[in-house]
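These notes open a run of structures that come right after.
Shared between the two complexes below is subunit A, which pairs with subunit B and subunit C, respectively.
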Partner chain A sequence: MSDFARAASPVAARRRTTGRGWTAAAWGALGILAVAVIWELYKFLGPADGVTIGATPGETGSGVMILPRTHDRAMPHIWTMVARLFEPTSGGATPPLVVTVAQAAVVTLGMAAVGWLIGVAVGMLLGLVMQRWKLLEWGLLPWIVVSQIVPLIAFAPVVNAIGNQIDRSGTPWPQWLSVAVIASYLAFFPVAIGVLRGLEAPDRIHVDLMRSYAAGYWATLFRLRLPASVPHLLPALRLAAANAVLGAVVAEVSIGMRGGIGRMLIQLAGQASSDPAAPWGPMFGSIVLGLIAAGSVALIGFGLKNYRRGEATA
Partner chain B sequence: MTTATTTPASTLAVQATGVGKVFPTKAGDVTALTGVELEVRAGEFVSLIGPSGCGKSTLLRLIADLDEATTGELTIFGKPARRARIDQDYGIAFQQAGLLPWRTVAANIGLPLELHKVPKAQREARVAELAELVGLTEFIDRYPDQLSGGMQQRVAIARALAASPKLLLMDEPFGALDEMTREYLQGELTRIAAETGAAVVFVTHSIPEAVFLSDRVVVMSPRPGRITDVVETGLGSVRDESLRENPAYFEKVTAVREALHGAKVERANER
Partner chain C sequence: MRLSKRRGLGLASAAAVTALALAACAGPSDSDGGDTDGDFTPLKSIKLQLQWLPQAQFAGYYLAQEKGYFKEEGFDDVEIVPSGGDIVPQDALVAGDVDFAVAWVPKVLGSIEASGVELTDIAQVFQKSGTTQVSWKGSGITSVKDFEGKKIGSWGFGNEWEIFAAMAADGLDSTTVSITTQDFSMNALLDKDVDAAQAMTYNELAQVLETVNPATGKLYTMDDLDVIYYEDTEGAMLQDALWADTKRLADDPAYADAAVRFLKAVAKGWLYARDNPEDAAKVVYDIASNAEAAFPVGPVHQLWMMNEVNKLIWTGADFGVVDDAAWKKTVAGALSAKNQDGLELITSEPPASAYSNEYIKKAIEELKKDGVDLSGSYTPIDVTLTEGGQ
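Let's look at the complex of A and B:
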């Protein structure tokens, strides 16, 4: 009977999924390799001073540069960047660059994680109240969207100033908390939207069913709406994680906090004319940070994988 | 509160007097149902049949208190529809199985019990019993996406029966299934209805299905939605495959068909 044939198929489906996992990893590696090859190929083929259109002879900086410079100061070799990671951070007996980058990355990751948690909490709360009361959705949603238009650079010093004021008035407010709050400002947005859409995801029939069981708001929320929102929630959490890292890096720079990877990036970029490969260290560091952040969320997704099943149509 | 005193009204599973439903729309009010008089006795199997737009699903939703009647009075076992819903006096199944995809078969069947705080041991026993009743004992730990459409629909029926309701409301539950599965489940449903002694209100647009299953077939007609005829099938309590070849069955199929056509329905532009 076809019932049994259908019931047996998930095993095959799981095998296909694992196969796809390896293929995905291979494609990912190929992508990284392709970027490296293109970088080196352009560096090899492109003119050392780039291509500039409409430059006035003798006047530096005039005209429009359409192809970047390829000399070693502008574009270090990939292997130079990698080798630089294992050389002392700032000469002498200082630890290798990779260690300093890792330490700074941990500091930033900690702040981003706190920012992510605050952002997820606030975003979920906003999503919940907007789903519960339509009026609040109409009132809040435009402001939530507008909030993301305010540039972080303008907003960060304000948070920092408020933080300092609180700190001075007696309640301790460390600088990293300001960074976390700024990071949460970017993180809450996708969560609020994702939760709102997710909570409204259940089919009419499921809502009717819960009504027929005389289930109240909370029972419907926990048994139906929250589980049904998981497929919408997971991408939102991943976006929030990436945003939190980005927010933390930018916040560090704009409020001048030491110790994190953002500050380190700016510092090393300032010395790039004498040490062009050095800023690539924190740059790789922040890429790894983003991957760790997104990967942690993927782990959450793995734990919730039962909630990502779709009901097969009859 | 009157408890278990068998007044004549409470022996009726459903009693509708002058029930009407009007949906307000931008283009003006649409009368979905008007003047519905219907009585369903306890343990009786009644089908509602008619073309799309005749209000048969609307009537079912009113009985289930998923929508509220605009006019008239609707009582379920002698209580208002709202009270009956809160007391879990009915179980309901729709055209889509509507299983929660993140729950196993067992957890889906047990959902209504879980919501009403039935203790775990009792719940498990009841779920096992229901799985047996719909023939899904081996599949109790599967997830809905691992089941065929017919099996999903059987889970939905088991779930509707979970709280042992004395009334089962079904809105074209077999409408999306292939003919073979459909006939098989029709047989199963008559057996289950007989075993549980529940009254059934069954919405369908298939004449043979209505006749095969029902004690009475209520024929409805659109614009405005209303009951135009009621056909007693009188086919007895045993409904097996041999009934499908029985002349008495064909006679009733013809009777229902004539009742539908007599209602002057513009069939070509329905559906």
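Let's look at the complex of A and C:
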């Protein structure tokens, strides 16, 4: 019904969409504010050492903590965290934390973007061949699913070792490429599944129609299957973007790649006792990173808006 | 349908052939010559694997780089590879990713036994153990004997064996302690999640002393803490050492030659750190925060670390020479230690090739001829810590 209305009156629809954009932004800001208020409220009301039940007196670390600690080391004030962003990262004459976080975020975003591109390319290819040849779907699909069960921290060092080997044998293989490949390993999965589902989305009647026109595989692919796959593809791309960022951050930590936000997070967390507000810098940075990644994919959706009918949720 | 199936099979077999071809290509294909005895091309480019992130603990290597000592010894290009992720230095060395590696002796002994790799400790940079177990004053943990029934923090990953070796030496039952894995901050101790936390004199101990005590509004001091130094116990084990590939040392004269030159440069670097601790700490801090983007703890923390590390290196013994008694103590500790699950680090003596003083002695001799005097000791400086080490 709403699709119909939008198609009937594109101008009104657009106005409605931009109006909704502002409301969404306002809700988003309100959400952030609410989190900040809840944080400070709990910090104010909650006990400094948290609440532990079932503790045996005299036995350190016994019992189960049901409410977290609220002292300044566990939960720094919001304003302390924000102020810390503008203090030197490592003391001395080092740049402010916010600058370092931004630089690290750019490094990670770059690797995640490369990983996303590789993942999308591989995922699309897999989706296409699996749709084209049923035999390949039977053969490949279980492996694709199984591939995601392999823990990233087990997989990452293997990729790194192979990368090192290639690098040593003469072909340059920078460390960031390993990170991108690991990120792509998480990113390709939703794309492969999404493309496969999307390409198989056209109704039988539409496929039969194409057949009755004597349209070949390629014509059916470009005129029917690909357009029909867009509503499945876009959520898959968004998932892939989020996965690529996640994969890049974990990969950085795992293979010891420096300069990115994952590494920075671990490093600053190690200093959390004497400088508790510092690790929150890269934490905010990674949140922004995720938003940027998802937002960039939304731009692709904007370009494909003609095909976005009845988009599948993911 | 039949056609497409056949085509699918064709594609699959093509993919398999490609994969095989790629696998064949991926094998090691570098074979630089220079194996002719006595006559070799000196190595000019080497890689050193650290066991952690760039910090004053590794000052000597960075100074050798920064002050041109590697160049003086004929290396055009020395890459210092920090760790801090899942990189295990001795594994990187075995894999051939690097030429030399910094690692703790007990960890490598474990690797030697577990996977049969052949590595040689060619220089024992840290002569003493820097590990401590820190508890709050008044909690009654002043010696290893007090560990039984307590919650003891450790980082794990092979950093825990001194605890068990010390307990075994005192005849304590390691299964009665509950070992809690600590993260790399000192929050476990500060929040009293553990009774005693593991801390290196040069790093985590300083972190506690850089934290504000909410009760007083001032930094914690040594008066607030009871510190057990493993160096004073039977559990003490040798730590930061430089490791080389045993087979390569024997078969490749260029590598053996590079090992000596490398040790000469490193010794000069550490000598500089001994005589100029302030400047050395600053150099490392600058490299770590700029070139390496490693986000180190602040400059005061690095100076503290430099001071403490110097104390572990310059004990009056010859620089880098493996002390046989300390080695035997480490091996004995490693043999006797049983962790809380009853597992052992090693069950038999390591091979004789696990350490060799041949290269470091040669390096010291050559340095003496060059007029570099490695004797003398370190005069500790006073470092006043600041909040967050900044």
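As a convention for this text, the second predicted complex is superposed on the first by the 293 of 314 C-alpha atoms of A that agree within 3 Å, B and C clash if a C-alpha of one lies under 4 Å from a C-alpha of the other, contacts with A are read in each partner's own complex, and residues count from 1 in each chain.
In this text, a residue touches a chain if its C-beta (ideal position, glycine included) is under 8 Å from a C-beta of that chain, and two chains touch if they have at least 3 such contacts.
In this text the structure is predicted, and so the values were computed from the model without any measurement.
Student: Pick one for A:165: touches subunit B only (first), subunit C only (second), both, or neither.
Tutor: second
Student: Given the touch rule stated above, what does A:273 touch, subunit B (first), subunit C (second), both, or neither?
Tutor: second
Student: Once the two complexes are aligned on chain A, which partner has more residues of subunit A within touching range, subunit B or subunit C?
Tutor: Partner touching more subunit A residues in the overlay: C.
Student: Look at A:100 in the shared chain and tell me whether it touches subunit B only, subunit C only, both, or neither; answer first, second, both or neither.
Tutor: In the superposed model, A:100 contacts subunit C only, not subunit B.
Student: Scan A:254 for contacts with subunit B and subunit C and give back first, second, both or neither.
Tutor: Touch partner of A:254: subunit C, not subunit B.
Student: Considering only touches as defined above, state whether A:45 meets subunit B (first), subunit C (second), both or neither.
Tutor: neither
Student: Pick one for A:129: touches subunit B only (first), subunit C only (second), both, or neither.
Tutor: second
Student: For subunit A, which residues lie in the overlap of the subunit B contacts and the subunit C contacts?
Tutor: Common to the two interfaces on subunit A: nothing.
Student: Where on subunit C does subunit A make contact in their complex?
Tutor: So the residues of subunit C touching subunit A come out as 4-5, 7-9, 11-12, 26, 28-30, 53, 82-87, 95-97, 150-151, 178, 180, 183-187, 190-195, 207-208, 210-211, 214, 285, 288-290, 292-300, 387-390.
Student: Per the contact definition, I'd like the list of subunit A residues that touch subunit B in the complex.
Tutor: Contact set of subunit A toward subunit B: 2-3, 6-7, 9-10, 203, 205-206, 208-209, 211-215, 219, 223-224, 227-228, 230, 306-314.
Student: If you look only at subunit B, which of its residues touch subunit A in the complex?
Tutor: Within the complex, subunit B touches subunit A at residues 64-66, 85-86, 88, 90, 92, 94, 96-102, 111-112, 114-116, 139, 142-153, 176-177.
Student: Considering only the defined contacts, which subunit A positions touch subunit C in the complex?
Tutor: 49, 59-61, 69, 71-74, 88-92, 94, 100, 104, 129, 132-136, 139, 153, 156-157, 161-162, 164-166, 168-170, 252-259, 263-264, 266-275, 278
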